[in-house]
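In the two complexes below, subunit A is the common chain; its partner is subunit B in one and subunit C in the other.
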Partner chain A sequence: MAVSMERFVLPGESLDAEYLPSHPTLPLKLGPGLRHIPPNTITPTVAGQLCSDKRKNAVWVEFNGGRYIPTVGDLVIATINRPSPEFYYASLSDYAPQATLPNLSFEGASRKTRPQLQPGALVYARVSLANKHMDPELECVSSSTGKSDGLGPLNGGMLFTISLGMARRLMLPRPAEQGRVVVLDEFGAAGVSFEIAVGRNGKLWVDSTSLKTTLAIGKAIQETDLKGLNPEEQKKLARKSMKDF
Partner chain B sequence: MTISAEPSATLSHLYRADGSATFSQNGYTVIGAVNGPIEVQRRDELPEEAAVDVIVRPAAGVGGTRERHLESILQSTIRQIILIHNFPRTLIQITLQITSTPENDSASSKLVQASSNLPILPTLLQTTVLTLLSASIPLAMTLASISFAINSTGSSRKIIRNPTLEEFQAANSVHVLAFTSNGQLLVAESEGSFTLEVWDEVYEIGKDFCCDVTEPAGDDIMQQDGLDGNTGGMAFVRSTLEHKVSADLHWKD
Partner chain C sequence: MAQSMSIAVPGQLLGPANESLPGPGTHIHDSNLYASILGPITKTNPPKPLGPPKRLTKIIPAAPTPLSTVSIERNIAAGHAKDGSKAKAEILPEVNSTVLCRVTRIQPRQASVAILVVGETVLDGEWQGLIRVQDVRATEKDKVKIFESFRPGDIVRAVVISLGDQSNYYLSTASNILGVIMATSEAGNAMYPVSWKEYKDPETGASESRKVAKPF
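The block that comes next holds the complex of A and B.
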């Protein structure tokens, strides 16, 4: 990946043009942690590492956030709080304003056939609307194709809370190489079958054949996150927890 | 008990808060935690910006007017640095718990109760900034704060930077200043009798101290030196955060 020029930034610092990528045709894309003050000032809003991608002409700040702030296109795990005639009210993080999930935004849903979700049910959804003046809106179906693409209710399993940074690492295209999370590969290599879903809002859903395995995997990820384990330590941890199976 | 004037800080050590920091300086230690943006009570809701709630808890007993005064100074300061317009109708809640204050041998505890509110203000301000940075709440800028005690005997004047509590009580006037990372004055609280020249001098020294321009990142030796020397306020924030970010992003190449 053409990611280059990593530099530590604090909010309000001025960024020299040399840290911003330039591309002959593509417009500059600003990622999380940056803001544009018209006419031509770009400053960071959080403390983190400034990263840029020359090929995509994008620049962003890499940081481990505290609370999830909804952004359009993010895949999240939402907890259903209560139904209403048109929507389900769902929560993305504790004490934050509730998100709405329209009853009909599921694959193949119509007035007659739509999933009945109880309070406390989990759904894997995409943030379809995030606007600072409105509550966020979710969808479990791709609006262009009408397919669910793996989104929808999550049945069984358990939910674990992880840091936003860990969620980001797990959601990278190749978590083992890019994010240095090898603990899941280690479980998989040992023949443990399990299913996970990662929400950008710092939630991890794990399901497997037995409760013991589910707990072991969830706890292993949480420990990797909390203690900042390196690949060798993660392998050791995975082997240790598999002894109990 | 020896009191170190050197600041020290721990970041993101509270597990359940969105962001947290413990900061000690001049014998004061404060634990800060921030939650936000979260849902706000209807009566506190602001239609165009986030409500900022600051709670200061004293080391012993319950808060009184003294804490309310400090809260009001902190609240109006912090509103200037958080990008509150990005989070309308939400709440950003900052809790600051004072855990230790310098012991005072010369004065009885009763006198301390009646004494000035200012000695702890720089520590509270600095804790708040570190807490907000730890939570990655979008900020327009950072700030650094400093206190001064001024002893004038006749024509000679002695300016003490980051004074101890005794020096604070013996001084003719005390000043607390805070500057943003852009070098703008954000807080100016003074007590005692002083002239305008004295204030101007304090302003210049404070500005130099708070905004001392650090070397651009990559100059690691400079950063390390900065940690144990007589560091500027901004340099301390910078080195603390640099530590945290590199620990958070250990998985990156």
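The block that comes next holds the complex of A and C.
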């Protein structure tokens, strides 16, 4: 992925064509933060760094907003609030409308056998419907294949809140080199066994053999996020927290 | 037609049921006539009955004296209309009447609308209506997605299927001639219908899904 970061943009700026990638065959794909005003104006709608990918001919604005806006296809960690005869009402973020998760939207679920989720339970789900007119809807099973692909309830472990930018970095194909997050590799190399799940809504779920390691890993990611640690500092932080166990 | 200027409040006793006939805006309870809505009381005198025809060989009992009709008008201003010029007849949506409405809210199972026009009459106030997801189309009712049929702000031609409950009429668009007649795109431009399920924005070229009414 040949991602290049060009420059900082402000909302409403006019973009010269030289900042936009060109490709002989693929059409230009606009990602979040950009808007096309016909016939040929492309303006940013948020303040951030303009990034482009020459291989996919895509351009977008990388910005760290505080509010998660549900988008179809996103993988999120939802907290069940209450059940109802047909759906679970789950919360994706505070102070935002609740999302609905159909009772039967789990792998192998029928009317007789379906997971009984308690309020407060966590699920790893995909956003199936999101638009500005309606409350978002989730699914824990792929609608085409009927398989869960890793979606479903998350048992045990602990939930941490991280910024949306950190969540995106963790969800990159190679977080260590593309997102510069090496703290998890440090823990893994030292022999700590753990499992994590990252939701694009700024939530991180960590499960490990002991509470100490779970807390250490979660806090390490939060500190990397909050203080903007570079890989060197992340390694120091990992070694420091591993001194306890 | 005698007009009384007194205003009745809902639940007000208007008289015994054997003295007058109930008209619009009133109801009978325990053999008494009560007002159902807030408005001026109007009493319309029935036409005078003809006397029995003159026959010397047969006695026909007289027809029962017809009763006057008591009704409450919906528009308070109508009660103050000058004599001779009655305010325009109040049109209410009835079952099977075609209405034009504007979509106010969409939810996964229903679309809330505000009824603006009944038949050919533009209403003064708006009535609330609901279009349930199973009443959007006549075929494949379980596969309907409200987001692909209506959007807030669309103007829809629908037919009333039920007077419903206290808050909503129930409408249906399950016919070729029913559905969205005017729609605005996400970019803010008026769109043209392309097929029974698509509207197109002429300026951006983008298509949006709707349940489109057949234009005639």
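Keep in mind that, in the parts below, the second predicted complex is superposed on the first by the 243 of 245 C-alpha atoms of A that agree within 3 Å, B and C clash if a C-alpha of one lies under 4 Å from a C-alpha of the other, contacts with A are read in each partner's own complex, and residues count from 1 in each chain.
In this section, contacts are C-beta pairs under 8 Å (C-beta built on N, C-alpha and C of every residue); 3 or more make two chains touch, one makes a residue touch a chain.
Here the structure is a predicted model, which means the values were calculated and not measured.
Student: Fit or clash for subunit B plus subunit C once both are placed on subunit A?
Tutor: Partners fit side by side after overlay.
Student: Figure out whether A:100 sits in contact with subunit B (first) or subunit C (second), or with both, or with neither.
Tutor: So A:100 only meets subunit C here.
Student: Quick one: classify A:38 as touching subunit B (first), subunit C (second), both or neither.
Tutor: After superposing on A, A:38 lies in contact with subunit C but is clear of subunit B.
Student: Quick one: classify A:133 as touching subunit B (first), subunit C (second), both or neither.
Tutor: both
Student: Please indicate which partner A:173 is in contact with in the superposed arrangement: first for subunit B, second for subunit C, both, or neither.
Tutor: neither
Student: Once the two complexes are aligned on their shared chain, state how close subunit B comes to subunit C by Cα atoms, in whole Å.
Tutor: So the smallest C-alpha to C-alpha spacing between these two chains is 7 Å.
Student: Hey, what residues of subunit A end up touching subunit B and subunit C alike?
Tutor: 133
Student: Across the complex, what residues on subunit A touch subunit C?
Tutor: 38, 100, 129, 131, 133-135, 137
Student: Any idea which subunit A residues touch subunit B in the complex?
Tutor: 6-8, 10-13, 33, 35, 45-49, 62-67, 69, 95-97, 132-133, 165, 169, 179-181, 228, 230
Student: Going by the contact rule set out above, which residues of subunit C touch subunit A in the complex?
Tutor: It comes out as residues 105-108, 146-147, 151-152, 203-205.
Student: Within the complex, which stretch of subunit B touches subunit A?
Tutor: 17-19, 34-39, 81, 83, 86-90, 133-142, 180-182, 216-218, 237-238, 241-242, 244-252
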